[in-house]
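Letters A, B, C, D and E mark the chains as written, and numbering starts fresh at 1 in each.
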Amino acid sequence: METIRMIFKRIVLLSTVVVIATFLLSLLMRLLPGDPAAVLVPNAPEELRALIREETGLSKGIFGYYWQWLSGMLQGDFGKYYLNGGYRPVSEVLKKCLPPSLFLILYAQIVALALSIPLGLISAYKENSRFDRITSSVLFTAVSIPAFASGIILSLIFAVQLGWVDPIGYESPFGNPVEHFKLMILPVTSLAIGLTSSYTRLLRTDVIATLKEDYVTMAASKGISNKRVLWKHVFRPSSTTLLTSAALNMGGLIGGTIIVEIIFVIPGIGYEIAYSIGARQIVAMQTLIALVSFAYVFFNSTVDLITNITDPRTRERRV
Amino acid sequence: MTQSQITRSRVMRRIGVAVAATIAISTLASTGSQAASNPSAPKYGGEVKVGIFDTFPGFCVGNNPANSALMATRTVYETLFEKTRGNDFVGLLAKSASVSADLKTWTVELRPGIKFHNGEAFNAAAAVTNFMNSSGMNFLGVAATKGPAAATAAYGHTLGTAVPFQSNVLKATAVGETTVVYSLDRPQNDFLGTLYASGRGFVRAPAQLIDKTTCSGTPIGTGPFKAVSFTTDEMIVAKNAEYWRKDPVTGNKLPYIDKITFTNIKESSSRQAAVQRGAIDAAMFSGASEGQYIQALRKQKQLVEYKSPAEYYPSLWLNQGKPGSPFKSKNARLAVLSCIDRVNWVKTRTKGEGVVSKSLVGPNNIMYTTSGFQKYSVEEAKKYVEAYKAETGATELAFAGPTDTSSVSVGNAKFFQTMMAKCGIKYDFVTEEGAVIIGKAFNPSPAAGSHYNAYDSIAILLFEGTDTTFNLPFVLTNGFASTSKNPLAGIFRTSIGSILGLNHHSNTDVDKLFYEGQAAQSKALAASKYKAGTALLQTEAIMGATFYFSYELFAGKSLGGIGKTPIELKKTQRLMTNWGIDWAGVYKTK
Amino acid sequence: MSSLLKIDGMSVTFATPRGNLRAVNDVTIELLQGESLGVVGESGSGKTVLSRATMGLLPGTATRTGTITYNGKVISELPKDEVRELWGTGMAMIFQDPMTALNPVRRIGSQLTESLTVRLGMDKKAAKLKAIELLKRVRIPDPESMLRKFPYQLSGGMRQRIMIAIAVSCEPELLFADEPTTALDVTVQAQVLDLITELRKESNMAMILVTHDLGVVAGHTDKIAVMYAGDVVEYAPTRQLFSNMKMPYTEALLKSIPRLETPTGSRLPVIEGRLPDPTKNEPGCPFANRCPYVQDKCRAEKPPLKDAGNNHFYRCWFPIGGEK
Amino acid sequence: MAGSGKAHMRPDGDTVLTVEDLTVEFKLGKDKIVKAVSGVSFDLVRGETLAVVGESGCGKSTLGKAILQLPKPNSGSVNFLSTELTTLGKKELRDMRPAMQMIFQDPVSSLDPRLPVSEVLAEPLRVWKRGNQVEIDAKIDELLNAVNLDPKVVRDRRSYEFSGGQCQRISIARALALDPTMIICDEPVSALDVSVQAQILNLLQDMKDRYGLTLMFISHDLAVVKAVSTRVMVMYLGKVCEVAPPDELYQNTKHHYTRALVASVPIPDPERPISSGFIQGEPPSPMNPPSGCRFRTRCPAASEKCAAEEPQLREVAVGHFVACHHPIEE
Amino acid sequence: MSSTEQIATTDIAPVQKARKKRPFGFYLAGFWVALILFLAVFGDFLPGPQWDESFYDSLGVAPFHQSHILGTTLDGYDMYSGLVHGARLSVFVALVAVIVGGAIGTVIGVASAYFRGKIDVVITMAFNIMLSIPNLVLSLALISVLAYSDENNPASTTRRVGVLMLSLTIVIIPILGRIARGATLQWSSREFVLASKSMGTTNFTIIRKHILPNVAPAILAIGFLAIGSVIIVEGSLAVLGIGVPGGGSWGSMLANGRGNIAFSPWEVYLPAGAIALTVISCNWFGDYVRKALDQRESKI
């Protein structure tokens, strides 16, 4: 009962945040000087602009426009690209661009977690050892190299000069799985570098703090093995922070993949966002950004909710 | 001058007509023949990936894909005519054409038995439907009875930019199944160029044209390949088993390849690396901005270069019409045009791949003349600046122009800015997405207080080829002549007709000279009129030029048959143009 | 009764950025089976370090010297894995703060049965039965439902009982109780102390009770070690200590505790001054500059541990009541 | 036990503070209300030290803060120096603040770690514009001397350079800065070592005598309370149990809860072990207190009456008040 | 009474001045940041080629050329003067965004946490909303709208730089605001705040004298990290083609040189190195401040 009420409250809060965020976005769009329809289709005759104003609801004032956009979204009408005379439904574009981004993010997360969990645990356990210091400084440097620089440099070295993989492109995993994974290596690497660094640092700090907790000493004083202490008593409470942060990154990464998708020519959602912003397709842009922020808020709330239910510590705070 | 706008511009793909066949075959024809030294019998099947550098905006009349995207589009759509390497016309969907003595009635015979991908027959009625759509006649018909909004609703979101190019046609009539008669307003010796053209002359299935909701997303043509899917950056086409063409030499049924994927790889280095590595089978490049990549790829033994003639002439348009623009003053125009350091531009910006201009167009073009062309001189430019200040009382000569967001374009703009600064001219650039720039430069209905062309100046590729059909609407004061009997002239003279002349000059002597050229009965007379027109444009400093260049396609040796399959015997279409190669006869060797 | 634990000359030093910090100095203590020892001192006296060092639960920055003999076996030189064998089954520990000493993300049941299954090799079912029995022993009502609870659902007293249940689950011979009641209210403190004493009696378990409160050790220990600045300054059977204390520090400490008998409004005796800096090795008695009986010798030379007979030891040149 | 009533009030005395029916509740989400203080009444006569004793959660600290209107109580009246504080406006309340001061439990947390001692002490003086810089400096030295700290040594140091006892001295000096009438001491010694604890308790006594203060001394430790107070009020779950002078309270305990508290105090004497025999278990949650007498769930003498009816404070001996239906008979 | 006068004075522990041996990284990072700041301020007065001049005769020369110490780009721009000029733009944009955004965020965050109640709910929600849009996307959207140029007033370079800074500032506000809010929550629950309140100090004075100075180090620590991320976001925007226009900043240099990486790789490596070193230095300082802060906190 308690949980259901909490879920309900979350949903209400989530919807409020998304509605306000998207409304502000529409408001932002209306800040554009001049006629928004002229921004959408710069070289169209007035008649066409009138038609587009009608179709998008731009003619109905900010609230009318927003309501039309929102109700359209709820009914699965995600708006259109009006570029260059023709138009394409955003939903059609989404169908194409979501899978590559999701795969990219998924792989980056898997790689980052697979690397950072052992690294973080070991370097925390051996705090201030040589291993810890080397790992820390390497990761410290790695996190400071922006994805665009690492992407470009990786592509130069491994694709252009060594020719191990193709520098660009995307293949569906269902059509050509080998090629899919090969093409994903470089973009996933350049995304995962930063992620691994921040996850490892996060986990390390958390584990070091946890190791100092009385309950860890208590567990050790039972005479159980170090390994068991580390996994059963240290990792689990520490992993909550890590997983929370990983899940939060899911939403953030959708936006963060823009650069990587552009450098490696992956037709994902980041690519489409950059494109729609560049082409001033404000309706499509609003939809895409709304989806990203929805994803972010959704992951955020879900993780919060799950930790709320599974991690007794947050319940403790609540009580 | 921002050349990459040039290469990327989504405007106006042009039409050419060979009135004078002065063009030498591509100097690189021999390069193309390297493939011949590696003979292998054509094979069926296989998939091909091609790298291009433009996006796909859609496939209806109103959508105007740019150069390299047109290469993909032309695998689906075909034109009535093609141009040969000898600058003659060869019928593609058409069989032949004839013209009346007064040059005002053109009769086109179509090839029989051709079918669209959806099974519809390609016939005279279909050709007329296509003309009615692209010329705006259909739009006008609905607009007249039901109003412009209904017309827009019926014919998609925008009209094609082909409208001014076809403004000289009063009527197209189907006579029987395979004959179309075009009645012209003024005499025109180069009319066939209107029916060829990069994109403007594409023939679409009537079913596609009628349905505005699917028009831009579902291309249905007669071409060797059928569209499978497309996104902004990728188009996939698959073999059209019913294709009508056969190799006239071997009698093989075309096409050979099963599937082609065209991918937009915006970044030149990525495209270069991809084709060099063999990740893609072929990639297209522009000599205007990708010199270093072209030169690097030339060194690759595993690749073959296919080069277009150097017939692409970017120019700098100075807007005389916009309020606040300094270019109403001839001194201001002369100052800017005298300040263009072409030699260093070509060296620095095109890495030597461009050719320094001596005229608004290259020597291959019938309009070519060096007369009146403004030469580079900082001293002269400074004098003109002073004269401009004295004339107008302005404290400085300052103007602005747009540049797209690519690093090459920004680099060009920066270079241009520094160049202008040396002559004491202040140039500001605005970075905007290419499509936005085009929209604002060619704006049919500007808001109150603004102008059709929003920019003081714009560097853009509008001139090309060996003839004038494609160039004319841009240099005239209006795409519709003042005397035009075209029913569209009334409503379009103010909007569509006037937007093409980006400089918005009012020198009707120019119109006169070019119309006389079109009406000339002899090539020599036509040439002299055109050259006089060009000279006038140059003397009056209405627009300027820096260099001209060619397009290249690099393909791996796994691709055979490029440029080897003529449409008809002895009538081989061009090997390589700004809209790429003909893919119908290409096959995979492995 | 035979000797269970013997600590001989144990010192513990921590490496800190300010230099080596001497937390425990040359401590010698012996504990018989079933005996309970109170270690008393103020904060910074080294009492907690003493208990953890004995068990071997020190962080990596600490160095321990001296010998520890447990059940006749020298364990101070054993590798960590072998020492660990003793934890839980031989020596067990309960901590000061029941809020932090239970793993917040694991259920009481799993924490309670962990040593049973891992250390004693019980199967799950047996472990659960044993856990329920343990909970009953520590007077927890409704033990079955308790197994499914998380620590946050319990009050402080309950948690401390759970912790005691965990500590005694493998029937250890020696229990380290580090300030087990400091975080509890007085009424609960009394209950918990009684519980510990009762459990000890039942299974003849020895205990080292570390606390700052002389009142707590008074009723619950057999002997007491008073610590000051890392030294055991007085070490005696409980009754002996209270009736015949030798060390001025012990006396001062005892006097400064407010009592119910203290007349209202009277001034309390105080200990002036402060603890010496544990990173500096100053000569003399560490209590010298706070001692009311200080003489020159105290400042010059550190007193050795002296025997007053009856297992009573102290570290003072001039003990109360004179030397024996 | 643990009831309401005003029998112990001394309306004729020279009262500094009169608290009547004070109630403080905190909301913890929907339907979760912590009833921290429920209808507590008491008064403070000039010059006395009232000790408020109880276990954690009994509402004693909340009571102290509510008197200072930090935050304002939910209901009840607080009359300080003949001024009703609960209804005062922001400005007027602020004007009353110098007369009532507070000393907190955590000596380190009650000093801003960034400010040197001189600034800590100067702050109240500046806020109330008590003199110019020279006068303020002089006052600071006087205060530091009063709490036995050498101004020359401590003036420019910051809180983390001091031990807990020294911090508490500075806190006392700060509380004295504005010459208050009343100081509320919220567990001032419970975070300190025993030896230091005695120093602070002595100091508080000295200050009280020297400045003629009225003290309210909040503590959980009966032994500490005994040493300093002139009157003791025992609280349980937000209610008053017993009010009496300390000697009377300990020698003639009437309330079962007080008896349990007294019995539980650890005595450093091996011959007198502490006893847990009188009560068992722990206090119930203040979110959901028992009906009637709030102590009845743990009381050995509880009857049906205790559940039905809340006991009122009544006088059982001179100055000794108890709220219990079944007080302990001698 | 047994206590002597002044007892408590004699036993004050002598101040333990930790030996101020700073790690080597401190000097390294400090040197780099000082160098960058020096170049940003005095770069124009240093001798060297024009940064925006294309040297026709030295296209793409490698570093250690006699007249172009760090080489030139393929388009003939001098790398050294480009980097010096870029230092100014990148650092200027980042500093302005973080300082202004940090100041606004701090004020909002502190006020929100100090006064709690409805304001806090609204502000927390506002921060969450802003944080729900990824940094890069938010600045992209803001720039594309704010820097939109209609035909009558083309967005000038100055305006676009302004808009860029404004957008990055807006992005920074919730990030630092949330830190300020968290730190304030923690500090305002300390008893000295209550003590100050109980003495009649006004809220404004409490915030100014007690909250802000204590919250400042936490904000400083995150502020350093934020400078690093702003430099990265600016670089990303440049790679997307909408950074500082005219190609002045490091990000734009890298974006412009990206295509030439196979021909003149120093065009990418040098600005990427400059960005990475600056970000590392900023992160390092942030970490250093945070560690110092943690140490101080643990003492408190």
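The rule we apply is simple: a contact is a pair of C-beta atoms (placed from the backbone, for glycine too) under 8 Å apart; a residue touches a chain by one contact, two chains touch by 3 or more.
All values derive from a computational prediction rather than experimental measurement.
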Common touching chains of chain D and chain B: E
Contact-graph distance - origin chain A, target chain B: 1
Chains partitioned by contact, chain A not counted: one piece
Chain with minimal offset from the mean of all protein Cα atoms: A
Chain B and chain E, separation of their C-alpha mean positions in angstrom: 47
Inter-chain centre distance, chain C versus chain E - centres from mean C-alpha coordinates, in Å: 51
Separation of mean Cα positions, chain E and chain A [Å, integer]: 23
Between chain C and chain D, centroid-to-centroid distance (C-alpha), Å: 32
Residues of chain A touching at least two other chains: 34, 160, 263, 278, 280, 319
In chain B, residues with contacts to at least two other chains: 267, 269, 273, 405, 440, 443, 447
Chain C, residues touching no fewer than two other chains: 267, 269-270, 272, 274
Complex contacts: residues of chain B adjacent to chain E: 267-269, 272-273, 292, 296, 322, 324, 344, 347-349, 351, 400, 402, 404-408, 410-411, 414-415, 417-418, 428-432, 440, 443, 446-447, 449-451, 454-455
Interface residues, chain C side, partner chain A - complex: 52, 55, 57, 60, 84-89, 91-93, 95-97, 100-106, 114-115, 118-119, 150-153, 163, 166, 170
In the complex with chain C, residue positions of chain D that touch it: 55-56, 163, 193-199, 201-202, 205, 220-224, 226-230, 245-247, 250, 260-276, 279-283
For the chain C and chain D complex, residues of the former touching the latter: 42-43, 155-158, 185-191, 193-194, 212-216, 218-220, 238-239, 242, 252-254, 256-260, 262, 264-272, 274
Interface residues, chain E side, partner chain D - complex: 1, 3, 5-9, 11-13, 15, 190-192, 194-202, 205, 209-210, 213-214, 296, 299-300
